[in-house]
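Next come two complexes built around subunit A: one with subunit B, the other with subunit C.
Up next, the complex of A and B:
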């Protein structure tokens, strides 16, 4: 029997970037999907080999443009490890707070666009973006830029925090908590949303491990794996938080895990704010192209980014990386798409793709 | 942990038996006189990682696939094949992962000069 082959993308609003899907259809049942990537490949790893250590954060930020601070911090911390320099204690708290705010902003953007994908049109999108704008405003006041912050420096941040930062951060967590807790009232009571997500794109526990997916996609399949808990960095070991998981492994479970993660992030931010001294000293070293020489030991550094586990494998040279490998979480998460999209309806393909939360700039590198 | 390319599949199988059930990443490093393939595995029970390196002489760049043990290895191996020219045997590699690339130059090798050696696919 022959199937109908259609091309979706590379320019298509539901693919969230320049992703091309070649789909074999029987009626409107998906028989096979093949993701074609590489339209956004710019050779970041090669470029980073040709530049000094502190010239590179502007590349790492553009990997995941929805949550740039995560990659920025992971890279700068890898350089800190190579240079054997310590991060100021206050700056560690500040980084935790900013990273968790970034995670909330990223999950909010995902929630808004995902609801659009599954036909819960624009109410959730507007709400999520309303909250996200407030988070971005705070991050802008800290770093001077709304989206691409580049505010990590060796040993700390680019500059001191604004004077009223702690009070504003507390107020923002209260605001976020009260609003985010309203979301399930809208989504769980919405027949369209439930029907388009429950039981769609199931990924079992064994398959999730075998395919090596990470982040909320892995945790929605019932595996409690979170770098913040397993290999704690900064003061994550001192804060109390849960890792939300679900046994269902479907698109709804992925929404649920991300929703609960936002609430956990709020709790982490409050604890970190409570532990941080009143007038924190967070400023790191200004950018110098020629700095101290790096040790030749190989660096392996991992972080729980909003989309999953980011990893840097770096062979340091004296003033620039000899080789740097960036493990992007969504690269592996996208790989599982053909496997979980067999025999679904074409419309559900986008529910599944949306629930994986991909960012093409990070996949193609 | 260092291993040879002949023993790679066996080493991975043993580690998987020990509980290293999660493949973090596969990549390679070009040291100009030889290449080194790097496999990072993770034990989800014990929360520990294991790094396997395989030394590959420049005139014999070939590795067996481990995708029958770790399904997620396929794209990493294809990436390694296209970026470093390390041939992966035993896996389904009929299509280039990065389609616009010519498939004959290996951009992450040190001999490839960025901005000079780029040739478009013909």
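Up next, the complex of A and C:
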């Protein structure tokens, strides 16, 4: 029996980024999906070998443009490991706070676009972007840029925090909490949303381990794994937070896990703000053309990024990386797509794709 | 009825007399007068067209990389571009006037972008949004990136920044509106009579 083969993308509105899907259809049922990647490939790992250490953060930020600060911090921390330099204690708190704010902004953007994908048009999108704009405004006042912050320096941040930062951050967490708690009223009470997410794109516990997925996709399949808990960096060991998990492993579970993660992030931010001293000294080293020399040891560093576990493997040279490898979480998460979208309807393919939360720049590198 | 007809004929005669008198007075050749009159009608009709074009610029829903995040914000609650008539993002190129190239353009993407541009109905405009679409940006040394979309398509407005704020896109679209409305600063299109006047001045 022959199937109808259709081409979706690379510029389809439902694909997040320039992803091309070749789909074999039997009527309306998907028989096989083949993702084609590489439309954003630019050779970032090779380009990074030609730059000095502190010129590279602007490359790593553009890997995951929905949450740039995660990769920025991961790379700069790898450089700090290579240079054997310590991060200031106040700066560690400040980094935790900024990273968690970035995680909330990333999940808000995901929620807005995901609801567009499943046909819950534009209400959630507008609400999520309203809150995201508030978060980005705070990050802009800290770093000077709206989207690509390049805020991390060796040993701390680019500059001191604004004077009213702590009060503003507290006010923002209150604002976010009160608004985020309104979301289930339009999502969990919405028949269309439930119909299009519950039981769609199921990924069992064993399959999740075998495919090597990470982040919210893994936790939605019932595995309690989070780098912040397993291998705590900064003061994540001191803070108390839960890892939201779900046993269902479908698109609804992934939404639920991300939703609860936003609330957990708010509680982490509050704890870190409470522990941070009143006038924190967070400024790191300024960028110099020739910086301190690195010791030639292989660096392996990992972080819990909003989309999963990011890893940097770096062989340092004296002033620049000799070889660098970036393990992007969404690359492995996308591999699951053909497996879990067999025998679903074509319309459900996009709620599965949306629930995986992919960023193409990170996949293509 | 008859009176009306007479009146009409009389007025026509008067008009032609007036024209002839004025021609004698200003020493203007007849064909020059007609070109001037056609200029006026063209201006009024073309102005209407341009005005309506410039106030319904529909962009193509087409994001490549990071700058597409700011495109999303452009349509969201903070900026609300719909109030100016810019925001009717269409999924098909056949209904669109403006292509906003937001992000870096790889070599494998070039034929697809070209094809999308060719599918758009004329008149069509291109905005290069961000450093990568303008000149390659940070990927200038990469082997797989073309150095600016203007190597492939004719660009009307460039927007600088990495990424530019959504407000910058708003300003760019207002600039494009001016250009479509025929009111660009410095580079005004010369009208037909203006050309003629210049030619005559040269002859004299």
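The rule is simple: the second predicted complex is superposed on the first by the 365 of 365 C-alpha atoms of A that agree within 3 Å, B and C clash if a C-alpha of one lies under 4 Å from a C-alpha of the other, contacts with A are read in each partner's own complex, and residues count from 1 in each chain.
Please note the rule applied: a contact is a pair of C-beta atoms (placed from the backbone, for glycine too) under 8 Å apart; a residue touches a chain by one contact, two chains touch by 3 or more.
Just so we're clear, the structure is a prediction, and the values are computed from it rather than from any experiment.
Student: For the overlay on subunit A, clash or fit between subunit B and subunit C?
Tutor: On the superposed model, which is not a single observed complex, subunit B and subunit C fit side by side.
Student: With the two complexes superposed on chain A, say which partner A:225 touches: subunit B (first), subunit C (second), both, or neither.
Tutor: Only subunit B; A:225 stays clear of subunit C.
Student: Between subunit B (first) and subunit C (second), which, if any, makes contact with A:309: first, second, both or neither?
Tutor: first
Student: Look at A:41 in the shared chain and tell me whether it touches subunit B only, subunit C only, both, or neither; answer first, second, both or neither.
Tutor: both
Student: Going by the contact rule set out at the top, does A:213 touch subunit B (first), subunit C (second), both, or neither?
Tutor: The answer is first: A:213 touches subunit B but not subunit C.
Student: Considering only the touch criterion stated at the top, classify A:335 as touching first (subunit B), second (subunit C), both, or neither.
Tutor: first
Student: Classify the contacts of A:66 with the two partner chains as first (subunit B alone), second (subunit C alone), both, or neither.
Tutor: Touch partner of A:66: subunit C, not subunit B.
Student: So, A:109: does it touch subunit B (first), subunit C (second), both, or neither?
Tutor: second
Student: By the touch definition at the top of the document, which applies to A:170: first (subunit B), second (subunit C), both, or neither?
Tutor: Touch partners of A:170: none, neither subunit B nor subunit C.
Student: One more residue to check, A:125. First (subunit B), second (subunit C), both or neither?
Tutor: In the superposition, A:125 touches subunit C alone.
Student: Just how close are subunit B and subunit C at their nearest CA atoms in the overlay, in Å?
Tutor: Minimum C-alpha separation, subunit B to subunit C, in the superposed model is 5 Å.
Student: If I apply the document's touch criterion, which positions on subunit A are contacted by subunit B in one structure and by subunit C in the other?
Tutor: Overlap of subunit B and subunit C footprints on subunit A: residues 38-39, 41, 43, 47, 50.
Student: What part of subunit A is in contact with subunit C in the complex they form?
Tutor: Contact set of subunit A toward subunit C: 10-11, 13, 17-18, 38-43, 47, 50, 58-59, 62, 65-66, 109, 112-113, 125-126, 129-130, 133, 146-148, 360-361.
Student: Which residues of subunit B touch subunit A in their complex?
Tutor: Where subunit B meets subunit A, its residues are 21-25, 27, 29-30, 38, 40, 44, 47, 49, 51, 70-75, 96-101, 107-108, 112, 114.
Student: Quick check on the complex: what are the subunit C residues that touch subunit A?
Tutor: Subunit C reaches subunit A through residues 61-66, 68-70, 72-73, 76-78, 91, 103-104, 106, 108-109, 112, 116, 138-139, 141-145, 162-163, 165.
Student: Could you pull out which subunit A residues touch subunit B in their complex?
Tutor: Residue list for subunit A touching subunit B: 36-39, 41, 43, 45-47, 50, 207, 209-213, 223, 225, 230-231, 300, 302, 309, 311, 313, 315, 322-323, 325, 327, 331-332, 335-336, 339, 364.
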